[in-house]
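Below is one structure. I have some questions about it.
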Amino acid sequence: MVKVGFIKLGNLGMSQVIDLVQDEIAAREGISTRVFGTGPKMDKETAASTEELKAWDPDFVVMISPNASAPGPKSARELWNDYPCIVVSDGPTKKDDRQALEDAGFGYIIMTVDPLIGAKTEFLDAVEMASFNSDAMKVLSTCGVVRLLQEELDAVTAQVDEGKSGADLELPHILAKPQKCIERAGFNNPYAKAKGLAALHMASKVAEVNMPACFILKEIEDVALTAATGHELMRAAAQLAIEAREIEKANDSVFRQPHSKKGVQLQKTKLYEKPQKV
Amino acid sequence: MVKVGFIKLGNLGMSQVIDLVQDEIAAREGISTRVFGTGPKMDKETAASTEELKAWDPDFVVMISPNASAPGPKSARELWNDYPCIVVSDGPTKKDDRQALEDAGFGYIIMTVDPLIGAKTEFLDAVEMASFNSDAMKVLSTCGVVRLLQEELDAVTAQVDEGKSGADLELPHILAKPQKCIERAGFNNPYAKAKGLAALHMASKVAEVNMPACFILKEIEDVALTAATGHELMRAAAQLAIEAREIEKANDSVFRQPHSKKGVQLQKTKLYEKPQKV
Amino acid sequence: MVKVGFIKLGNLGMSQVIDLVQDEIAAREGISTRVFGTGPKMDKETAASTEELKAWDPDFVVMISPNASAPGPKSARELWNDYPCIVVSDGPTKKDDRQALEDAGFGYIIMTVDPLIGAKTEFLDAVEMASFNSDAMKVLSTCGVVRLLQEELDAVTAQVDEGKSGADLELPHILAKPQKCIERAGFNNPYAKAKGLAALHMASKVAEVNMPACFILKEIEDVALTAATGHELMRAAAQLAIEAREIEKANDSVFRQPHSKKGVQLQKTKLYEKPQKV
Amino acid sequence: MVKVGFIKLGNLGMSQVIDLVQDEIAAREGISTRVFGTGPKMDKETAASTEELKAWDPDFVVMISPNASAPGPKSARELWNDYPCIVVSDGPTKKDDRQALEDAGFGYIIMTVDPLIGAKTEFLDAVEMASFNSDAMKVLSTCGVVRLLQEELDAVTAQVDEGKSGADLELPHILAKPQKCIERAGFNNPYAKAKGLAALHMASKVAEVNMPACFILKEIEDVALTAATGHELMRAAAQLAIEAREIEKANDSVFRQPHSKKGVQLQKTKLYEKPQKV
Amino acid sequence: MVKVGFIKLGNLGMSQVIDLVQDEIAAREGISTRVFGTGPKMDKETAASTEELKAWDPDFVVMISPNASAPGPKSARELWNDYPCIVVSDGPTKKDDRQALEDAGFGYIIMTVDPLIGAKTEFLDAVEMASFNSDAMKVLSTCGVVRLLQEELDAVTAQVDEGKSGADLELPHILAKPQKCIERAGFNNPYAKAKGLAALHMASKVAEVNMPACFILKEIEDVALTAATGHELMRAAAQLAIEAREIEKANDSVFRQPHSKKGVQLQKTKLYEKPQKV
Amino acid sequence: MVKVGFIKLGNLGMSQVIDLVQDEIAAREGISTRVFGTGPKMDKETAASTEELKAWDPDFVVMISPNASAPGPKSARELWNDYPCIVVSDGPTKKDDRQALEDAGFGYIIMTVDPLIGAKTEFLDAVEMASFNSDAMKVLSTCGVVRLLQEELDAVTAQVDEGKSGADLELPHILAKPQKCIERAGFNNPYAKAKGLAALHMASKVAEVNMPACFILKEIEDVALTAATGHELMRAAAQLAIEAREIEKANDSVFRQPHSKKGVQLQKTKLYEKPQKV
């Protein structure tokens, strides 16, 4: 039984399903999952509470939060540096910062494509927040990011299964930019792939648009227009991702990679095909 | 400081954001959130682990899972019956079963509109699962279900704020069917509302379609076609929900209810309007 | 020359084209058609007038109306029980009621997928009525219901052609639920089929939504919103059906089954292919 | 009680609902309807059978068919020239031919916008036929043609109600071209009106495209491509008509003109408004 | 080095790119291009100025303008009748007029599918004008007209390359109606081709609609509604053209005919295929 | 009579209509336009030929080309530095480079939103090139860029009208980034504006995507996929721009600024409104 712990500080698009991707029908044997989350907040004090999960003694943990360089995630990492820990976040993106993470023993998957929400009272309420996360998830799922997570976590899980543990585990060090993500998406039609890749580029652009809305602009019209623009961009990206998948459906060429009960990654492409070992 | 605990067993559409809806920009003072989740699994043994969260001693807990009548959620409830606990689920829907929950001291919000996923290896992989959850969230967010949750949890939080606690807290007892949900959505255009309501009816229908795929059908073609049909239905519902919100945007009449720093529910409708106390 | 009589009481979606489906280009030899209809009304007195058509002495008659259990259709059936008669309607759906029809010598095709219109002065005018029927026909045509009718009527016609008559004719006894209809649609792409099937499920759901609008609700807002919801649901179903057919067009795999001059069902799939006997 | 007889020879788009437009919820008192139809065929022999309906002695008849100048409709008219009779068709469109109709005592509504179907075995089967009729009806309903029919038939009915009969009835003489139809549609938004008008122009163009497919072209590729083009044109027209109505819905400005029980044309525009006498 | 001169009088849809179609990536050797244009105006005086380009002494010229029978284009032709000159326009369409052009030594490509804009102050501003041209170009590019121009100009260029010149050059004489254009589009899917052909028919219809708006109607409502209708028709045509190309993309069957550096027309169909000589 | 000369070197999206924006219906008095273009090429030798236009002695010239820092445009500028000259291009964007332009006496409008095409033989042919330009023009027209050009050129024209000339003319110095452009678009609905702004951001992103396709990547799959991605991004941007304008149409709030015969900028918003002086 491999024990995978998830620590969620604040919220990213990927936070919504990250603990589900290894066991999509809840029937996988030999894997056990626990999640400890702090809800929307991710300050230093809140982050401290994540230590709670150590009681369960996971084989490795996945720590997901926006901006892994912020004080909260940073201090949480310090608490967990005695465990194999994979940082999943939208930053830091700079090479040196990522190297520092790696040098400190952490794995990381930095997703530049997980979009920054327009987090201002003037624009965001619970409904808009959830609707934006839905759009984000449409791109993340369809365009390869979910599968990248699934494959990487499965790879670490497999190591544990084989008897490795602690510092011996090889953790992923991935800067998940559009080009890298799209290769995991398994598109068969090249235009569908191009649409998916365009959607990822658009998702990446959202942060650029929303950044000033969140941190610089003050006037209500500026804040509201800019945040609305970021969310329209995300909406358009989601729509393009949908279009990409519809092409694959129309060709009956949707690549699927479900887990068998034993946790093997099966594969199938035609809808009426049985999933097969590869 | 009100302490709200979330226990997540398995996954519903609403599980993705339920711990975020009271504090959408992570700036609300006076509220603290912790989440303890078990990932995809929700069997009895797994459910037992949720007791962990008692260490934090929340003022009340929200326990979300599919089918609250299943053994896992049931035994989790027994562990938590000394805390004010709101059950959020897609069932039981029968009056007697809900009354029994209430009689046992639990609050509940039973969402018949949170759709059942097509959970079969023959169809579902991590990507399809996440994409389906995106569609579910589009309907849940836009058509009133997210706001219903937000308002109900805020109402209980307000009671704690006012000094109430334990058994004195009035918990919600709501069967969230389409008609009830749509009234919370705040649509101003009646056709947008009708589209939203139609989307909720479609989401409700998904369970009916997916049930045999999940539990009865055996042949690969039957399973795959039926699950695909359920997911197409959900996709169409999401698209209708999107259309509904686009109408409100086109009329600049999107109702928004963001929280102030103090946790007050502000309101605004025109995009360039400041959120106001009501 | 086979003589097929159509009796139309009130209106169903299928009423619009039922007398045309066996002879789509009006060039089929050996078949003759007469229609006697009562317009929108279907009460007992009006129904009595259908006897008029007996003067023509058809080989068999098709009697189409909403709710075949209503007094009008019932009394019309009594008038025609000396002729081979196929009841086409949206009800009764219960097994016993259908068995009673069969025991009384009637054939039947009960289409649970022919949607109930929102027939209230507060909502429906001639334009809305016609527009709804257009949406209904889009689903009925594309998703297998029209072909089911065509094939079943052709089958009875063929028996007459072979010399059978009266009580010797084997009449169809079909409960046309979504699953049964979709199998007649001839979709080649499985996702198109899933979309078509989802559209049929949505059409089935319309009655459930419109029923209270038609018979229970009283307040103008309730009536109008609910009927509008039913029509939005039908609109969305039509759109999904359109999408399904577009997939087949995109694959140049639209199955077609035109009649030859002699009334033989030819078949073709590629657009530039000649229709062939099978 | 006004008795309105409908004679249907062959099929036009409008044939599908013409007998329903005066009594959309089947609750209008003081009007009685009978339909006698000949199915797809409209040759001279078949047309003769329409005399059957005289037994009912209608106050006036509406005779609908493609091309009213064809032998079948022509001979049917001769049989019915002792009754007030309104010819509804897609031709003749020339002034002299229409004047001849009027001189012979007939009313007429010639709808250049009721599209010619691509009636060739190489392309059309029952499904395609019904699907095309659905598209035709979407334009006819939404863009003013259905209302034009409703208003004109109501006007003649009102004369009978007032005691007029036979040759004293003033019958309509209308060449229903796009511009004339759109004025009946009741659009409030001018761009919606422009879209509706464009849709009518497109529907008018269909005949021009399908004419050679039906009567001139011989090669399978030519026939199939051309008929498919006509049907794509109709499909696009339907989509534009849908778009036009969606604009009115988004503005809550859909004009509706339902009949009261007494047959009065009520009016309403906002969805939650009660229909009113004007 | 072949020298191709373009004279642009006023503006057609095709004017936007006509000088670019032979050298789409600006890397073709052996061809040189100059454009002399008069902006929006095309009166006689303005037209005279085009003689300026003679200084460059092109091998042949392409003279593009609306209505080649108007005084401006006519007098420009007289100035250029000592050069091989291909007239590109939307008229004259009549056989005699075209023959007269040919007899006078001109080549011509008369595109009935290049739509007439709604050129009235009451409707058109720079934005609407440019937006309409975008829609026109979508149809012209996707549905074969751009390729027709490219191929015909390449053919004349090839003759110069081979040493021909002046009156020895064989110039095209083409009435570019929908059917002729679509054959150049290179669609592989027949329904995509039908959509493209329908779009061309719609574009042809625009002139018919806009003509009265431009030259007959006076009342603001008539002018504005009619011009808006013409532009909606063009918008719908563009959308249909887009849909047609999307089908080809979904099948990875987009036909492409790029020029090699040497000016050879290469061909490719699959996206990942290298362009090849044929 | 103000004489405005346009020099076009190579092609930008805006090149297609820049000489038309001041005189959209070709009826403006007091303004005369000449265009001298070099087709696709813009190398130094070709650029030299633009001097030809000096014979006409324009009051000012507008020189449009991609990348104004390239050798061709640079040398063309040197030839024209004795005329008031406005450089319109997609670069240089850096402040110093723009200052240098200004210091040398040039006006400039640098449009970061005019997208870089995927100019590779492996992907681009005449059809794809024209189709991309159509998408570019949809964004440029609808989202404020065309109007910015129109207003700025009108402003310089007005100065000439008032008697200014040569170095006394105040030329524009504008870095046309998304935020600046959208303010010229005249959107009334804030969500339409947000969509338009998002479309401009997407158009800006195209260059970033296509740059490596044009200049770095070598493998056919990399080149083709990347260029296709850039074009999909542009397609999605066009679609969003269309959506934005549809909202304004649905609200009958499309801002229009046509020129009167005298060249005055009139304004209107409702479709049936007469354009008025402001």
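As written, the chain order gives the labels A, B, C, D, E and F, with residue 1 at the start of each chain.
One rule holds for everything that comes next: contacts are C-beta pairs under 8 Å (C-beta built on N, C-alpha and C of every residue); 3 or more make two chains touch, one makes a residue touch a chain.
No experiment lies behind these values; they were computed from the predicted model shown.
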By label, the chains that touch chain A as well as chain E are C, F
Listing by label each chain that touches chain B and chain E gives A, C, D, F
If I compare contact pairs by residue number, which of B-C, E-F or A-C overlaps with A-E on over half of them? A-C
Mind checking chain B against chain C and telling me if their interface is mostly the same residue numbers on each side, over half, or mostly different? same
At the largest C-alpha centroid distance from chain A we find chain D
Take the average of all CA coordinates in chain A, do the same for chain D, and state the distance between these two points in whole angstrom. 57
Using mean CA coordinates as chain centres, what's the gap between chain D and chain E in Å? 40
How many angstrom lie between the CA centroids of chain B and chain F, rounded to a whole number? 49
For chain E, give me the residues that contact two or more of the other chains. 190-191, 224-225, 228, 250-251, 271-272
Which of the chains touch, listed as pairs? A-B, A-C, A-E, A-F, B-C, B-D, B-F, C-D, C-E, D-E, D-F, E-F
Write out the stretch or stretches of chain A touching chain F in their complex. 190-191, 193-195, 197-198, 201-202, 205, 208-209, 224-225, 228-233, 236, 239-240
Can you list the residues on chain D that touch chain F in the complex? 189-192, 247, 250-251
Partner chain A, residues of chain B touching it in the complex: 4, 6, 8, 10-11, 16-17, 19-28, 32-42, 46, 49, 52, 55-56, 119-131, 133-135, 137-138, 140-142, 146-147, 149-150, 220-221, 224-225, 228, 235, 238, 242, 245, 256-260, 266, 268, 271-275
Flag every residue of chain C that touches chain E in the complex, lowest number first. 249-252, 270-272
